[in-house]
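Taking it in order: structure first as structure tokens, then the write-up.
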Amino acid sequence: MNETARIEAFSDGIFSIAATLLVLELKGPPAHTPFWQGVASQWPGYVSFVLSFFFIGIMWINHHRLFVHIEKADDLLMAVNLLLLLGVVFVPYPTLLMATSITSGDPVYARDVAIFYNATYLGISVLFCLFWFVCRRRKVLDHYLGVTQVHNATLQYVLGLLCYAACLGMTWFSVPLSLAMNAAIAIWFLIPPRHRDFGTVGQNSAM
Amino acid sequence: MNETARIEAFSDGIFSIAATLLVLELKGPPAHTPFWQGVASQWPGYVSFVLSFFFIGIMWINHHRLFVHIEKADDLLMAVNLLLLLGVVFVPYPTLLMATSITSGDPVYARDVAIFYNATYLGISVLFCLFWFVCRRRKVLDHYLGVTQVHNATLQYVLGLLCYAACLGMTWFSVPLSLAMNAAIAIWFLIPPRHRDFGTVGQNSAM
Amino acid sequence: MNETARIEAFSDGIFSIAATLLVLELKGPPAHTPFWQGVASQWPGYVSFVLSFFFIGIMWINHHRLFVHIEKADDLLMAVNLLLLLGVVFVPYPTLLMATSITSGDPVYARDVAIFYNATYLGISVLFCLFWFVCRRRKVLDHYLGVTQVHNATLQYVLGLLCYAACLGMTWFSVPLSLAMNAAIAIWFLIPPRHRDFGTVGQNSAM
Amino acid sequence: MNETARIEAFSDGIFSIAATLLVLELKGPPAHTPFWQGVASQWPGYVSFVLSFFFIGIMWINHHRLFVHIEKADDLLMAVNLLLLLGVVFVPYPTLLMATSITSGDPVYARDVAIFYNATYLGISVLFCLFWFVCRRRKVLDHYLGVTQVHNATLQYVLGLLCYAACLGMTWFSVPLSLAMNAAIAIWFLIPPRHRDFGTVGQNSAM
């Protein structure tokens, strides 16, 4: 258990920096405009800050839920974790592009940015899947996870990947719908239904 | 106890980044002016850095006092904690707007910024209340906290919220008074009177 | 022992951000100049980055040595620790001013900046003294520290403060000498002579 | 074991900030260009972000593997660790220069930057060697490391240093070849062959 403590500490550092990064992009309202109007004109910055904060926060919660069940450090796992963290740190960039593109008024440009945005999330879900399969293959998971729970988790990771792929495909038909779908998947990963919830298995199995 | 370690590590990362963020806004004094005069002209930057550092530091101390008594990780708690951290990370932004607005000399603009500033603190106190009620509802608090202490803490969180609401209302009458009141509430949350002090209950109850 | 873990985690976050902050100030060499000449012209940035990294690193080592012997969290201690961290986070700012002022060629300006720089370190040494006296007064130190060792440590903190005060006074006579003295004090705090070394008392006293 | 916990926490903070630093350099694509063309024009920024993230990640993995076997904190070790961290934090700077120089089209300039880049890595490998020799000299390594393993590790650190020196020498003959060699050494330090792998000695020696 203690063996993975430092991997988690390094990951926590990366997650918290990535989550707060977009605060640095918040500019003051432009001079010589009434305050509330100036603040309102900054909305793409606020929205992208809040969105990337929550999406990274949700990924952190899932990373945390997973690491609760990882018993030992493994070299391949550390390398894949690094790859996953790279994806996490990248999130604020397409989020900011997304928010600013909306004000551009050019539908082709906005769709291209949305493709970039949704593709980033698809990439991260591929990395989460990869991470999970490495966990299984290297047998680093603890014995609190039963066979059914491991299968459920596998199903969820693959399902998440397919949803993000569908979300990316949707971008060519409707940008707003694809973004709503993207947010819906995030919320689905935040609220753990009974079947998904393998994060508190230790307590449950004790019952 | 160890179960909440990683939530605290992630929170600590966020708190420490938020607290140091405004150092990046400190510019050197303008060229071609005598040094001390140039440094003095930068005072809004210094003041907002010091203020947001202390206010975030005080919030961290209260977050810490609370987590001492949280025994287990909980999914809803993690989500509300994330919301609370978002509020914390946002603090440097209105603080900087506040400090720079004072030099603008426009009373309407200054009052609008003060409203924004006080509203941010009201929002954070709402999130602290929410966090505390989730803690109680989900029964994650340890048994060192007696019934009286839990009631006292509830009273304090609600009182804090009401004070920040009064502080926001005060802004329409007197901006300096509302800011003094805001600082007074922060100091009140820093210095723990015997009745507020549920942070060292473990030791007290051992007496 | 575990009681102070989170105070240390928060402090570590602040220290590491403060130490790395000046990397963000490193600019690429100016375009249209030969590479090595362009890099050489950036030396004030490199020097201030390296200096503030080491000075903050040395402060971190001393903070660490002190916390090894702090057994319990205390409200006043947390507040003073916050004040100390504020001083630490401020260090990169005068360091950068210092390095850039050297290229200005104006001796009055350079001396003013050196006063600001040395005054910052005097301020931090005052905060370290304050922190140590609060540790003693609140009786949070563990029993591995004998009476002689506590007295030695007190002597060292006060001596450090007097040295930084002398260093500040020296600035009016010779700027280079005051800076050399400042660096010498830092090195003196890095290399622990037998009398200063209360950081490994646990082991020594076991002998 | 717990004695080194705070050194690791401070190091983790530094490593994670250094790894994420170049995200701040990612600019949005230039306005008034088709999105994909604009994004493509930003490739030096992406490449340097990904490269420095991975190279720092690999150094972190090796730092972690080493600290698993360090039993006690030591003053000299802390000072050398600080020096090593300074090297780590510096990495993003030459990486960014490297990536942007490629677009300059000037072969002399590009070679000079590559020399700077490869020299940085040589410097860091010198610091890793120094760190390892201090570990051995100060006898802070635990008893899980047998004599053969310590000798193997020494061999690897010296070999790494020689490879980076060869890599630097190569820059005068062929810049692309020297960069490929640099990347190859990083990958060699990532994938632990049986002989290098002293990171999981605890488990192996139990067999």
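Just so it is clear, A, B, C and D label the chains in written order, and each chain counts residues from 1 on its own.
In this section, a contact is a pair of C-beta atoms (placed from the backbone, for glycine too) under 8 Å apart; a residue touches a chain by one contact, two chains touch by 3 or more.
Predicted, not measured: the structure shown is a model, and the values here were computed from it.
Chemist: Shared interface numbers for chain A and chain B above half of all numbers used, same, or below, different?
Modeler: different
Chemist: Could you work out which chain's C-alpha centre is the most distant one from the centre of chain D?
Modeler: If we average the C-alpha coordinates per chain, B ends up farthest from chain D.
Chemist: Could you grab the centroid distance between chain A and chain C? Build each centroid from C-alpha atoms only and quote it in angstrom.
Modeler: 38
Chemist: CA centre of chain A versus CA centre of chain D: separation in Å?
Modeler: 27
Chemist: Identify all positions of chain B at which a residue touches two or more other chains, and write them in rising order.
Modeler: As it turns out, chain B has residues touching two or more other chains at 9, 13, 17, 24.
Chemist: For the complex, which residues does chain C have touching chain D?
Modeler: Those in contact with chain D are residues 8-9, 12-13, 15-17, 19-20, 23-24, 26, 28-29, 34-36, 39, 50, 53-54, 57, 60-61, 64, 67, 190-192, 197, 199-200.
Chemist: What residues on chain C touch chain B, complex-wise?
Modeler: Against chain B, the touching part of chain C is residues 6-7, 9-10, 13-14, 17-18, 21, 24, 72-73, 75, 78-79, 82, 85-86, 89-90, 92-93, 96-97, 100, 109, 112-113, 116.
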